[in-house]
Amino acid sequence: MPIVTVQVTREGTTPDRSSVSAEEKAAIIKGVSQVLLDVLNKPLESTYVVIEEVDLDNWGWGGLPTVQYRKQRAAAAKS
Amino acid sequence: MPIVTVQVTREGTTPDRSSVSAEEKAAIIKGVSQVLLDVLNKPLESTYVVIEEVDLDNWGWGGLPTVQYRKQRAAAAKS
Amino acid sequence: MPIVTVQVTREGTTPDRSSVSAEEKAAIIKGVSQVLLDVLNKPLESTYVVIEEVDLDNWGWGGLPTVQYRKQRAAAAKS
Amino acid sequence: MPIVTVQVTREGTTPDRSSVSAEEKAAIIKGVSQVLLDVLNKPLESTYVVIEEVDLDNWGWGGLPTVQYRKQRAAAAKS
Amino acid sequence: MPIVTVQVTREGTTPDRSSVSAEEKAAIIKGVSQVLLDVLNKPLESTYVVIEEVDLDNWGWGGLPTVQYRKQRAAAAKS
Amino acid sequence: MPIVTVQVTREGTTPDRSSVSAEEKAAIIKGVSQVLLDVLNKPLESTYVVIEEVDLDNWGWGGLPTVQYRKQRAAAAKS
(Lines give C-alpha, C1' and ligand atoms only; values in the text may rest on other atoms or scores of the structure.)
Protein backbone atom coordinates (compact mmCIF):
# COMPACT_ATOMS: atom_id res chain seq x y z
CA MET A 1 0.00 0.00 0.00
CA PRO A 2 2.36 2.62 -1.20
CA ILE A 3 1.97 6.37 -0.98
CA VAL A 4 3.63 8.34 -3.75
CA THR A 5 4.00 12.09 -3.31
CA VAL A 6 4.93 14.08 -6.41
CA GLN A 7 6.07 17.67 -5.86
CA VAL A 8 6.40 19.84 -8.94
CA THR A 9 6.49 23.54 -9.63
CA ARG A 10 3.15 25.08 -10.52
CA GLU A 11 3.73 25.94 -14.16
CA GLY A 12 2.52 24.79 -17.52
CA THR A 13 4.32 22.61 -20.04
CA THR A 14 3.43 25.10 -22.77
CA PRO A 15 3.63 28.93 -22.64
CA ASP A 16 -0.14 29.36 -22.62
CA ARG A 17 -0.71 27.40 -19.44
CA SER A 18 0.27 28.27 -15.90
CA SER A 19 -0.20 24.95 -14.17
CA VAL A 20 -0.12 21.23 -14.69
CA SER A 21 -3.24 20.15 -16.61
CA ALA A 22 -5.79 17.61 -15.39
CA GLU A 23 -4.72 15.27 -18.19
CA GLU A 24 -1.08 15.50 -17.15
CA LYS A 25 -2.00 14.82 -13.54
CA ALA A 26 -3.99 11.76 -14.60
CA ALA A 27 -1.00 10.54 -16.62
CA ILE A 28 1.35 10.99 -13.64
CA ILE A 29 -1.05 9.10 -11.38
CA LYS A 30 -1.40 6.28 -13.89
CA GLY A 31 2.33 6.10 -14.58
CA VAL A 32 3.68 6.00 -11.05
CA SER A 33 0.97 3.59 -9.86
CA GLN A 34 1.95 1.29 -12.72
CA VAL A 35 5.61 1.42 -11.65
CA LEU A 36 4.67 0.18 -8.18
CA LEU A 37 2.59 -2.60 -9.69
CA ASP A 38 5.34 -3.65 -12.10
CA VAL A 39 8.24 -3.50 -9.64
CA LEU A 40 6.74 -4.44 -6.29
CA ASN A 41 3.54 -6.15 -7.39
CA LYS A 42 1.41 -3.64 -5.48
CA PRO A 43 -2.21 -3.69 -6.71
CA LEU A 44 -3.30 -0.36 -8.22
CA GLU A 45 -6.12 0.02 -5.70
CA SER A 46 -3.69 0.01 -2.77
CA THR A 47 -1.59 2.94 -4.04
CA TYR A 48 -2.35 6.55 -3.17
CA VAL A 49 -0.75 9.31 -5.23
CA VAL A 50 -0.67 12.90 -3.99
CA ILE A 51 0.46 15.66 -6.35
CA GLU A 52 1.66 18.88 -4.74
CA GLU A 53 2.08 21.90 -6.98
CA VAL A 54 4.51 24.40 -5.50
CA ASP A 55 4.51 28.07 -6.52
CA LEU A 56 7.73 29.10 -8.24
CA ASP A 57 8.45 31.63 -5.46
CA ASN A 58 8.29 28.81 -2.94
CA TRP A 59 10.80 26.52 -4.64
CA GLY A 60 14.48 27.24 -4.16
CA TRP A 61 17.44 25.87 -6.06
CA GLY A 62 21.06 26.97 -6.02
CA GLY A 63 20.30 29.19 -3.03
CA LEU A 64 17.84 31.24 -5.10
CA PRO A 65 14.16 31.23 -6.02
CA THR A 66 13.76 28.99 -9.09
CA VAL A 67 13.12 31.74 -11.62
CA GLN A 68 16.30 33.58 -10.63
CA TYR A 69 18.32 30.37 -10.63
CA ARG A 70 17.13 29.47 -14.11
CA LYS A 71 18.13 32.93 -15.37
CA GLN A 72 21.53 32.57 -13.79
CA ARG A 73 22.07 29.19 -15.41
CA ALA A 74 20.84 30.38 -18.79
CA ALA A 75 23.24 33.35 -18.62
CA ALA A 76 26.13 31.08 -17.62
CA ALA A 77 25.32 28.69 -20.49
CA LYS A 78 25.58 31.56 -22.98
CA SER A 79 28.88 32.91 -21.76
CA MET B 1 6.72 16.96 20.63
CA PRO B 2 4.87 15.17 17.92
CA ILE B 3 3.97 16.51 14.52
CA VAL B 4 0.79 15.13 13.00
CA THR B 5 0.12 15.77 9.33
CA VAL B 6 -3.39 15.04 8.10
CA GLN B 7 -3.90 14.92 4.34
CA VAL B 8 -7.47 14.83 3.09
CA THR B 9 -9.21 15.60 -0.16
CA ARG B 10 -10.59 19.12 -0.41
CA GLU B 11 -14.30 18.42 -0.38
CA GLY B 12 -17.21 18.94 1.96
CA THR B 13 -18.93 16.40 4.16
CA THR B 14 -22.30 17.62 2.86
CA PRO B 15 -23.29 18.40 -0.76
CA ASP B 16 -23.50 22.14 -0.14
CA ARG B 17 -19.88 22.51 0.93
CA SER B 18 -16.72 22.14 -1.13
CA SER B 19 -14.11 21.95 1.60
CA VAL B 20 -13.54 20.88 5.16
CA SER B 21 -15.12 23.41 7.52
CA ALA B 22 -13.27 25.33 10.21
CA GLU B 23 -15.24 23.44 12.86
CA GLU B 24 -14.24 20.10 11.38
CA LYS B 25 -10.60 21.18 11.26
CA ALA B 26 -10.75 22.21 14.91
CA ALA B 27 -12.26 18.82 15.79
CA ILE B 28 -9.50 16.98 13.92
CA ILE B 29 -6.83 19.03 15.69
CA LYS B 30 -8.42 18.40 19.06
CA GLY B 31 -8.94 14.71 18.41
CA VAL B 32 -5.51 13.74 17.17
CA SER B 33 -3.73 15.85 19.80
CA GLN B 34 -5.76 14.05 22.45
CA VAL B 35 -4.69 10.66 21.03
CA LEU B 36 -1.03 11.63 21.47
CA LEU B 37 -1.73 12.77 25.03
CA ASP B 38 -3.64 9.62 25.91
CA VAL B 39 -1.27 7.10 24.32
CA LEU B 40 2.18 8.64 24.67
CA ASN B 41 1.54 11.19 27.42
CA LYS B 42 2.59 14.06 25.14
CA PRO B 43 1.35 17.42 26.49
CA LEU B 44 -1.10 19.13 24.13
CA GLU B 45 1.13 22.20 23.86
CA SER B 46 3.99 20.16 22.39
CA THR B 47 1.96 18.76 19.48
CA TYR B 48 1.73 20.49 16.12
CA VAL B 49 -1.01 19.45 13.71
CA VAL B 50 -0.88 20.39 10.03
CA ILE B 51 -3.91 19.75 7.83
CA GLU B 52 -3.30 19.58 4.11
CA GLU B 53 -6.30 19.72 1.82
CA VAL B 54 -5.56 18.16 -1.54
CA ASP B 55 -7.61 18.98 -4.65
CA LEU B 56 -9.48 15.97 -6.01
CA ASP B 57 -7.55 16.20 -9.30
CA ASN B 58 -4.31 15.89 -7.33
CA TRP B 59 -5.21 12.73 -5.46
CA GLY B 60 -4.87 9.43 -7.24
CA TRP B 61 -6.22 6.05 -6.25
CA GLY B 62 -6.41 2.84 -8.24
CA GLY B 63 -4.22 4.42 -10.90
CA LEU B 64 -6.86 7.09 -11.56
CA PRO B 65 -7.82 10.54 -10.30
CA THR B 66 -10.11 10.06 -7.30
CA VAL B 67 -13.34 11.10 -8.95
CA GLN B 68 -12.88 8.59 -11.77
CA TYR B 69 -11.87 5.85 -9.38
CA ARG B 70 -14.98 6.42 -7.27
CA LYS B 71 -17.18 6.21 -10.37
CA GLN B 72 -15.47 3.01 -11.40
CA ARG B 73 -16.02 1.46 -7.98
CA ALA B 74 -19.63 2.60 -7.82
CA ALA B 75 -20.27 1.07 -11.25
CA ALA B 76 -18.57 -2.17 -10.20
CA ALA B 77 -20.64 -2.30 -7.00
CA LYS B 78 -23.87 -2.10 -9.00
CA SER B 79 -22.98 -4.79 -11.48
CA MET C 1 -9.05 8.56 1.90
CA PRO C 2 -6.93 10.42 4.38
CA ILE C 3 -3.25 9.91 5.08
CA VAL C 4 -2.14 10.66 8.61
CA THR C 5 1.57 10.93 9.32
CA VAL C 6 2.60 10.91 12.98
CA GLN C 7 6.17 11.96 13.76
CA VAL C 8 7.41 11.34 17.27
CA THR C 9 10.77 11.06 18.94
CA ARG C 10 12.10 7.53 19.26
CA GLU C 11 11.92 7.05 23.01
CA GLY C 12 9.92 5.04 25.47
CA THR C 13 7.11 6.21 27.71
CA THR C 14 8.78 4.49 30.66
CA PRO C 15 12.48 4.53 31.62
CA ASP C 16 13.01 0.89 30.69
CA ARG C 17 12.00 1.30 27.07
CA SER C 18 13.79 3.15 24.29
CA SER C 19 11.07 3.32 21.68
CA VAL C 20 7.35 3.45 21.17
CA SER C 21 5.87 -0.02 21.79
CA ALA C 22 3.84 -2.00 19.27
CA GLU C 23 0.78 -1.61 21.53
CA GLU C 24 1.19 2.16 21.63
CA LYS C 25 1.54 2.28 17.85
CA ALA C 26 -1.63 0.24 17.45
CA ALA C 27 -3.43 2.62 19.82
CA ILE C 28 -2.25 5.66 17.83
CA ILE C 29 -3.38 4.06 14.57
CA LYS C 30 -6.77 3.18 16.04
CA GLY C 31 -7.24 6.59 17.65
CA VAL C 32 -6.40 8.86 14.73
CA SER C 33 -8.31 6.69 12.24
CA GLN C 34 -11.34 6.96 14.52
CA VAL C 35 -11.02 10.77 14.57
CA LEU C 36 -11.24 10.86 10.78
CA LEU C 37 -14.27 8.58 10.86
CA ASP C 38 -16.02 10.63 13.55
CA VAL C 39 -15.28 14.09 12.12
CA LEU C 40 -15.23 13.60 8.35
CA ASN C 41 -17.08 10.31 8.04
CA LYS C 42 -14.09 8.65 6.37
CA PRO C 43 -14.36 4.83 6.49
CA LEU C 44 -11.55 3.22 8.50
CA GLU C 45 -10.41 1.17 5.49
CA SER C 46 -9.69 4.30 3.47
CA THR C 47 -7.28 5.83 6.01
CA TYR C 48 -3.55 5.15 5.96
CA VAL C 49 -1.51 5.99 9.05
CA VAL C 50 2.28 6.23 8.90
CA ILE C 51 4.25 6.55 12.14
CA GLU C 52 7.76 7.96 11.84
CA GLU C 53 10.05 7.62 14.83
CA VAL C 54 12.78 10.22 14.82
CA ASP C 55 16.02 9.76 16.74
CA LEU C 56 16.48 12.33 19.51
CA ASP C 57 19.64 13.66 17.81
CA ASN C 58 17.62 14.32 14.68
CA TRP C 59 14.90 16.40 16.31
CA GLY C 60 15.61 20.02 17.05
CA TRP C 61 13.70 22.42 19.26
CA GLY C 62 14.66 25.85 20.50
CA GLY C 63 17.63 25.82 18.14
CA LEU C 64 19.11 22.81 19.95
CA PRO C 65 18.95 19.02 19.78
CA THR C 66 15.97 17.91 21.88
CA VAL C 67 17.93 16.49 24.80
CA GLN C 68 19.88 19.70 25.27
CA TYR C 69 16.76 21.82 24.94
CA ARG C 70 14.96 19.78 27.60
CA LYS C 71 17.90 20.20 29.96
CA GLN C 72 17.90 23.93 29.35
CA ARG C 73 14.20 24.17 30.08
CA ALA C 74 14.46 22.01 33.17
CA ALA C 75 17.28 24.20 34.46
CA ALA C 76 15.30 27.36 33.72
CA ALA C 77 12.25 25.95 35.49
CA LYS C 78 14.28 25.38 38.64
CA SER C 79 15.84 28.80 38.78
CA MET D 1 12.72 19.82 -10.76
CA PRO D 2 10.32 17.39 -9.21
CA ILE D 3 10.71 15.55 -5.95
CA VAL D 4 9.04 12.14 -5.79
CA THR D 5 8.67 10.47 -2.41
CA VAL D 6 7.74 6.79 -2.43
CA GLN D 7 6.61 5.29 0.86
CA VAL D 8 6.28 1.53 1.02
CA THR D 9 6.17 -1.06 3.75
CA ARG D 10 9.51 -2.66 4.56
CA GLU D 11 8.97 -6.17 3.32
CA GLY D 12 10.20 -8.37 0.51
CA THR D 13 8.39 -9.31 -2.68
CA THR D 14 9.28 -12.95 -2.06
CA PRO D 15 9.07 -14.91 1.21
CA ASP D 16 12.85 -15.13 1.59
CA ARG D 17 13.41 -11.39 1.70
CA SER D 18 12.42 -8.89 4.36
CA SER D 19 12.89 -5.64 2.51
CA VAL D 20 12.83 -4.04 -0.90
CA SER D 21 15.94 -5.06 -2.84
CA ALA D 22 18.49 -2.64 -4.31
CA GLU D 23 17.43 -3.73 -7.80
CA GLU D 24 13.78 -2.99 -7.06
CA LYS D 25 14.71 0.42 -5.66
CA ALA D 26 16.70 1.20 -8.80
CA ALA D 27 13.71 0.15 -10.93
CA ILE D 28 11.36 2.39 -8.94
CA ILE D 29 13.76 5.34 -9.29
CA LYS D 30 14.11 4.76 -13.02
CA GLY D 31 10.40 4.27 -13.57
CA VAL D 32 9.02 7.29 -11.73
CA SER D 33 11.74 9.59 -13.10
CA GLN D 34 10.76 8.46 -16.59
CA VAL D 35 7.10 9.26 -15.91
CA LEU D 36 8.04 12.86 -15.06
CA LEU D 37 10.13 13.08 -18.22
CA ASP D 38 7.38 11.64 -20.41
CA VAL D 39 4.49 13.61 -18.97
CA LEU D 40 5.96 16.95 -17.94
CA ASN D 41 9.17 16.96 -19.95
CA LYS D 42 11.30 17.20 -16.79
CA PRO D 43 14.92 16.21 -17.47
CA LEU D 44 16.01 13.13 -15.51
CA GLU D 45 18.82 15.06 -13.80
CA SER D 46 16.37 17.50 -12.23
CA THR D 47 14.29 14.84 -10.48
CA TYR D 48 15.04 13.61 -6.96
CA VAL D 49 13.43 10.38 -5.77
CA VAL D 50 13.33 9.47 -2.09
CA ILE D 51 12.20 5.99 -1.06
CA GLU D 52 11.01 5.58 2.51
CA GLU D 53 10.59 2.07 3.83
CA VAL D 54 8.15 1.93 6.72
CA ASP D 55 8.15 -0.91 9.25
CA LEU D 56 4.95 -2.93 9.17
CA ASP D 57 4.20 -1.98 12.79
CA ASN D 58 4.35 1.68 11.79
CA TRP D 59 1.84 1.49 8.97
CA GLY D 60 -1.84 1.50 9.79
CA TRP D 61 -4.77 0.62 7.61
CA GLY D 62 -8.38 0.07 8.52
CA GLY D 63 -7.66 1.38 12.01
CA LEU D 64 -5.20 -1.48 12.63
CA PRO D 65 -1.51 -2.23 12.14
CA THR D 66 -1.08 -3.60 8.62
CA VAL D 67 -0.45 -7.20 9.55
CA GLN D 68 -3.62 -7.39 11.60
CA TYR D 69 -5.64 -5.66 8.91
CA ARG D 70 -4.45 -8.10 6.27
CA LYS D 71 -5.42 -11.05 8.48
CA GLN D 72 -8.84 -9.54 9.03
CA ARG D 73 -9.36 -9.09 5.31
CA ALA D 74 -8.11 -12.55 4.49
CA ALA D 75 -10.50 -14.04 7.06
CA ALA D 76 -13.39 -11.98 5.67
CA ALA D 77 -12.57 -13.11 2.13
CA LYS D 78 -12.80 -16.75 3.17
CA SER D 79 -16.10 -16.51 4.97
CA MET E 1 21.65 16.81 -2.54
CA PRO E 2 19.56 17.85 0.40
CA ILE E 3 15.89 18.70 0.33
CA VAL E 4 14.77 21.27 2.90
CA THR E 5 11.05 21.70 3.50
CA VAL E 6 10.00 24.78 5.45
CA GLN E 7 6.43 24.85 6.73
CA VAL E 8 5.18 28.14 8.14
CA THR E 9 1.80 29.67 8.79
CA ARG E 10 0.47 31.86 5.98
CA GLU E 11 0.64 35.27 7.63
CA GLY E 12 2.65 38.45 7.28
CA THR E 13 5.45 39.67 9.50
CA THR E 14 3.77 43.09 9.65
CA PRO E 15 0.05 43.85 10.18
CA ASP E 16 -0.45 45.07 6.62
CA ARG E 17 0.56 41.80 5.00
CA SER E 18 -1.22 38.46 5.04
CA SER E 19 1.50 36.19 3.77
CA VAL E 20 5.24 35.71 3.62
CA SER E 21 6.73 38.12 1.06
CA ALA E 22 8.78 37.08 -1.97
CA GLU E 23 11.82 38.77 -0.40
CA GLU E 24 11.40 36.82 2.82
CA LYS E 25 11.06 33.58 0.87
CA ALA E 26 14.24 34.35 -1.05
CA ALA E 27 16.02 35.04 2.25
CA ILE E 28 14.85 31.74 3.71
CA ILE E 29 16.00 29.85 0.60
CA LYS E 30 19.38 31.57 0.69
CA GLY E 31 19.83 31.07 4.41
CA VAL E 32 19.00 27.40 4.72
CA SER E 33 20.94 26.48 1.56
CA GLN E 34 23.96 28.25 3.06
CA VAL E 35 23.62 26.23 6.28
CA LEU E 36 23.86 22.99 4.29
CA LEU E 37 26.90 24.30 2.45
CA ASP E 38 28.62 25.45 5.65
CA VAL E 39 27.89 22.38 7.75
CA LEU E 40 27.85 19.47 5.30
CA ASN E 41 29.70 21.00 2.37
CA LYS E 42 26.73 20.49 0.06
CA PRO E 43 27.00 22.67 -3.07
CA LEU E 44 24.20 25.23 -3.37
CA GLU E 45 23.08 23.82 -6.72
CA SER E 46 22.35 20.41 -5.21
CA THR E 47 19.94 21.70 -2.57
CA TYR E 48 16.20 22.03 -3.17
CA VAL E 49 14.14 24.15 -0.79
CA VAL E 50 10.35 23.90 -0.68
CA ILE E 51 8.36 26.43 1.32
CA GLU E 52 4.86 25.41 2.35
CA GLU E 53 2.56 28.10 3.66
CA VAL E 54 -0.18 26.66 5.83
CA ASP E 55 -3.45 28.52 6.47
CA LEU E 56 -3.91 29.42 10.12
CA ASP E 57 -7.07 27.29 10.31
CA ASN E 58 -5.04 24.31 9.18
CA TRP E 59 -2.34 24.55 11.83
CA GLY E 60 -3.06 23.22 15.27
CA TRP E 61 -1.15 23.77 18.48
CA GLY E 62 -2.13 22.93 22.04
CA GLY E 63 -5.09 20.95 20.72
CA LEU E 64 -6.57 24.10 19.15
CA PRO E 65 -6.40 26.03 15.88
CA THR E 66 -3.44 28.41 16.11
CA VAL E 67 -5.40 31.63 16.47
CA GLN E 68 -7.37 30.26 19.43
CA TYR E 69 -4.24 28.86 21.04
CA ARG E 70 -2.47 32.19 20.77
CA LYS E 71 -5.42 33.95 22.41
CA GLN E 72 -5.44 31.40 25.20
CA ARG E 73 -1.73 31.90 25.82
CA ALA E 74 -1.99 35.68 25.69
CA ALA E 75 -4.83 35.57 28.22
CA ALA E 76 -2.83 33.23 30.47
CA ALA E 77 0.20 35.51 30.26
CA LYS E 78 -1.85 38.47 31.48
CA SER E 79 -3.42 36.73 34.43
CA MET F 1 5.82 27.93 14.67
CA PRO F 2 7.69 26.62 11.70
CA ILE F 3 8.60 23.02 10.99
CA VAL F 4 11.80 22.52 9.03
CA THR F 5 12.49 19.08 7.57
CA VAL F 6 16.01 18.46 6.31
CA GLN F 7 16.53 15.37 4.16
CA VAL F 8 20.11 14.38 3.42
CA THR F 9 21.87 11.23 2.32
CA ARG F 10 23.24 9.10 5.14
CA GLU F 11 26.97 9.52 4.58
CA GLY F 12 29.86 11.20 6.31
CA THR F 13 31.59 14.43 5.39
CA THR F 14 34.94 12.67 5.70
CA PRO F 15 35.94 9.23 4.40
CA ASP F 16 36.14 7.71 7.88
CA ARG F 17 32.53 8.41 8.75
CA SER F 18 29.36 6.88 7.32
CA SER F 19 26.74 9.26 8.63
CA VAL F 20 26.15 12.84 9.65
CA SER F 21 27.73 13.45 13.08
CA ALA F 22 25.85 14.66 16.14
CA GLU F 23 27.81 17.92 15.99
CA GLU F 24 26.81 18.49 12.38
CA LYS F 25 23.18 17.79 13.21
CA ALA F 26 23.32 20.29 16.06
CA ALA F 27 24.84 22.87 13.69
CA ILE F 28 22.08 22.29 11.13
CA ILE F 29 19.39 22.65 13.80
CA LYS F 30 20.98 25.84 15.12
CA GLY F 31 21.51 27.30 11.67
CA VAL F 32 18.08 26.78 10.16
CA SER F 33 16.30 27.81 13.35
CA GLN F 34 18.31 31.03 13.28
CA VAL F 35 17.25 31.69 9.67
CA LEU F 36 13.59 31.53 10.69
CA LEU F 37 14.27 33.89 13.58
CA ASP F 38 16.19 36.35 11.42
CA VAL F 39 13.83 36.38 8.44
CA LEU F 40 10.37 35.82 9.90
CA ASN F 41 10.99 36.73 13.53
CA LYS F 42 9.95 33.28 14.70
CA PRO F 43 11.17 32.59 18.27
CA LEU F 44 13.63 29.69 18.45
CA GLU F 45 11.40 27.77 20.85
CA SER F 46 8.55 27.65 18.33
CA THR F 47 10.60 25.98 15.58
CA TYR F 48 10.83 22.21 15.21
CA VAL F 49 13.59 20.77 13.04
CA VAL F 50 13.47 17.17 11.83
CA ILE F 51 16.52 15.68 10.12
CA GLU F 52 15.92 12.64 7.94
CA GLU F 53 18.93 10.66 6.82
CA VAL F 54 18.21 8.68 3.68
CA ASP F 55 20.27 5.62 2.70
CA LEU F 56 22.16 6.12 -0.56
CA ASP F 57 20.22 3.24 -2.17
CA ASN F 58 16.99 5.04 -1.37
CA TRP F 59 17.88 8.36 -3.02
CA GLY F 60 17.57 8.66 -6.76
CA TRP F 61 18.93 11.33 -9.05
CA GLY F 62 19.12 11.37 -12.82
CA GLY F 63 16.94 8.27 -12.95
CA LEU F 64 19.58 6.27 -11.05
CA PRO F 65 20.52 5.45 -7.47
CA THR F 66 22.80 8.24 -6.22
CA VAL F 67 26.03 6.30 -6.24
CA GLN F 68 25.58 5.28 -9.87
CA TYR F 69 24.59 8.79 -10.89
CA ARG F 70 27.69 10.25 -9.23
CA LYS F 71 29.90 7.78 -11.09
CA GLN F 72 28.20 8.63 -14.36
CA ARG F 73 28.76 12.34 -13.77
CA ALA F 74 32.36 11.85 -12.72
CA ALA F 75 33.02 9.81 -15.87
CA ALA F 76 31.36 12.46 -18.04
CA ALA F 77 33.41 15.21 -16.39
CA LYS F 78 36.65 13.41 -17.27
CA SER F 79 35.81 12.77 -20.91
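Each chain carries a letter (A, B, C, D, E and F) given by its place in the written order, and its residues are counted from 1.
Criterion: a contact is a pair of C-beta atoms (placed from the backbone, for glycine too) under 8 Å apart; a residue touches a chain by one contact, two chains touch by 3 or more.
Here's who's who by UniProt: A, B, C, D, E, F = 4-oxalocrotonate tautomerase family protein.
These numbers come from a predicted model, not from an experiment.
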item: Pair from A-C, A-D or A-E with over half of its contact pairs in common with B-C; value: A-D
item: Greatest separation from chain D - chain, by CA centre; value: E
item: Centroid-based (C-alpha) most distant chain relative to chain F; value: B
item: Rounded Å distance between chain B and chain F, as computed from the means of their C-alpha atoms; value: 30
item: CA centroid of chain E to CA centroid of chain F, Å; value: 18
item: Between chain C and chain F, centroid-to-centroid distance (C-alpha), Å; value: 22
item: Chain E residues counted as touching two or more neighbouring chains; value: 1, 3, 7, 28, 32, 34, 48, 50, 59, 61
item: Pairs of chains, among all present, that meet the touch criterion; value: A-B, A-C, A-D, A-E, B-C, B-E, B-F, C-D, C-F, D-E, D-F, E-F
item: Complex contacts: residues of chain F adjacent to chain B; value: 1, 3, 48, 50
item: Complex contacts: residues of chain E adjacent to chain F; value: 1-9, 13, 20, 24, 27-28, 31-32, 34-36, 38-42, 59, 61, 66
item: Contact footprint of chain B on chain E as seen in their complex; value: 7, 54, 57-65, 68
item: Touching residues on chain C, where the partner in the complex is chain D; value: 22, 25-26, 28-30, 33-34, 37, 44-45, 47-53
